[in-house]
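Input: structures, listed below.
Each of the next two complexes has chain A plus one other chain: chain B in the first, chain C in the second.
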Partner chain A sequence: MQAGPGGGVVGSATRMRCLYLFNRQGVCLHYHVWLRPVSVLSRQEDQKLIFGLLFSLKLFTAKMDPVGGGKGQLGAAQLQGQGCSFHSFRTDTYKLSFMETPTGLKLVLITDPKMGDLREAMKHIYSSIYVEYVVKNPLYTPDMPFKCELFNQNLDNYVKTLS
Partner chain B sequence: MRLHPTKPELTARRVEAIGFQVGLQLAERYTKERPRFGDHLEAIKFICKDFWAEVFKKQIDNLKTNHRGVFVLQDNRFRWLTRFSLDAPTSGNGASSGEPNPANAARASQAAGQYLYFPCGLIRGALTNLGVPCAVSAEVSALPACSFIVRIKG
Partner chain C sequence: MPPNSRPGDAVFANVERVNAELFTLTYGAIVRQLLTDFEEVDEVNKQLDTMGYNIGIRLIDDFLAKANITRCSDFRETAETIVKVGFKMFLGVTGTVTNWNAEGTECSLILDDNPLVDFVELPETCQGLYYCNMLCGVIRGALEMVSMRTEVKFVKDVLRGDEAFEIRLKLLEQVPEEYPYKDDD
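For the complex of A and B:
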């Protein structure tokens, strides 16, 4: 077992690195890190970079779609499976997975490159962890950044089961 | 809680009063088919079993009394507090820790007190309409468990 940078203990079997949650406006609601040895940019710049990337990639994939209507609804929320949006990319050192909910919430997961398809996992994180422990928390103001304890605990427990 | 942001006591009383009205009418509705209760203890048991089951889909887990008009109703997993959670305190570089924090748990228990005025009113309203005048207060020891203390008047 090795200690992650946050002081939490991360099992060596876990291949998750970080998680970002953005709202429609690009505000990072939550940043969760398990393993990130090298960090080049400041926290703010890093989050802005990721959000900008998502925005550009979604636009690009919609435009390049050979099958779809090509209307490219900028920023409009779409149901899961509708429209054409990228869901992951992979490099030698990491894999970035992306999911957008119909409410415009964007979930980004950075993992070990050998991880398989994480779309089901991201759906679970959204519906059974975020909605249950953040949205249903009486103390939470919607659309604000949060560090909710129950969310953190349940997310860590869930992530331990993935690998 | 935004009704009187600078006067929590006024909010508490208002919310408790709203709970009281709701409790009154719910008691009316849930006891439509039943005969009147024999004594105070039967009314309290009704609250613990049928009333709680209708409103919260579970029963009260533990009922204690000192046989002198004070009852303690303990719910080990109060439905309205199961998702109650404070923000984890930041640790240096701002990364989140998954470990539960005892100091934070104490603060959460305190903050939860505000959200128990409505259920207290609910119990008081229901019991009052069943012929048991009382005062109800709540205590949170460890989320999501909480206790309601019923003091019978007269």
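For the complex of A and C:
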């Protein structure tokens, strides 16, 4: 795992905290930090926990669905895209937004708790930044952690427009 | 899929185009080079499929980013989406889906018009060649990334004297999402 420290810190005024990109095998393809003064776990443990949390939370929310809930046991494997999908949770100190694509890519964006709905923003990060600058780069090996200057720059520029 | 009759058109209007001759000749140059490198047509068919697979696993993300479609409810809808939206987006043409088996897991994708073969005639020495075999790999790679294992192959080829291009698409399994770590690691 060699996702280096994220690109530029945009300054302490930013409401962004960090962004994770996971593939379906749970590999953290990219970890981008804007502001995270406190970090207790090792980077690898931290990433694994976040991935595990989201994986379980997704199964759990689908299981809880009072209308379309599945019949299988809690934790039983789901087909991609099956069940409902959750997109964020909020604590008093941060907000976590989540998006998953049909290819199993998971985007996790942690921000200031006052941040509004980030679903469109995450779609933009996927469609116009990740796909454009990472997936289409012919020298990028699919499913491997990446370091990509263009991705970092464009991401930084884009998040500056969010507030 | 949106309910209008030609869902690929809207996306097609918004994607960047390249010159058709450049596209066709580039593909031709790849096939030509493979024929030089591998000599055996069977091996070339295999290489084209592998190259297509490597394109497909990337192209699917581009497709999802631009096509703005929702999840397909079943494999029939998936096949329709491939020929109506996917082919339109990347090849500029559409096809039709026919010959479903009873279980709905196997069908034929028919292409009447295929820009890859615009200037092509198969010479004597290349009789077993599936010139467009890369398309099969692309479809297989793209579907694998959305958790469908498939088998994709050409069964009819205009270059071999058939009336249309027919790709046989067979769904082998839908792979459920598993937790990738073991409990103790």
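In this text, the second predicted complex is superposed on the first by the 138 of 163 C-alpha atoms of A that agree within 3 Å, B and C clash if a C-alpha of one lies under 4 Å from a C-alpha of the other, contacts with A are read in each partner's own complex, and residues count from 1 in each chain.
Just so we're on the same page, contacts are C-beta pairs under 8 Å (C-beta built on N, C-alpha and C of every residue); 3 or more make two chains touch, one makes a residue touch a chain.
The model shown is predicted, which means the values in this text are computed figures rather than measured ones.
In the overlay built on the shared chain, the residue A:Gln153 is in contact with chain B alone; chain C does not reach it. When the two complexes are overlaid on their common chain A, residue A:Ser128 makes contact with chain C while staying clear of chain B. Once the two complexes are laid over each other on the shared chain, residue contacts for A:Lys136 go to chain B and to chain C alike.
By the touch criterion defined above, A:His32 reaches chain B but does not reach chain C. Of the two partner chains placed around the shared chain by superposition, chain C is the only one that A:Thr103 touches, whereas chain B remains out of contact. In the superposition on chain A, A:Lys63 makes contact with neither chain B nor chain C.
Contacts of A:Arg90 after superposition: neither chain B nor chain C is touched. Residues 136 of chain A lie in contact with chain B in one complex and with chain C in the other. Chain B makes touch with chain A in their complex at residues 80, 83-88, 90-91, 93-101, 104, 108, 111, 115. Looking at the complex, you find that chain C touches chain A at residues 57-58, 60-62, 64-66, 71, 145-147, 174-181. Residues of chain A touching chain B in their complex: 4-8, 30-33, 43, 132-133, 136-139, 146-153, 155-157. Residues 24-26, 48, 52, 55, 77-81, 101-105, 126-128, 130-131, 135-136, 142 of chain A are the ones that touch chain C when the two sit in their complex.
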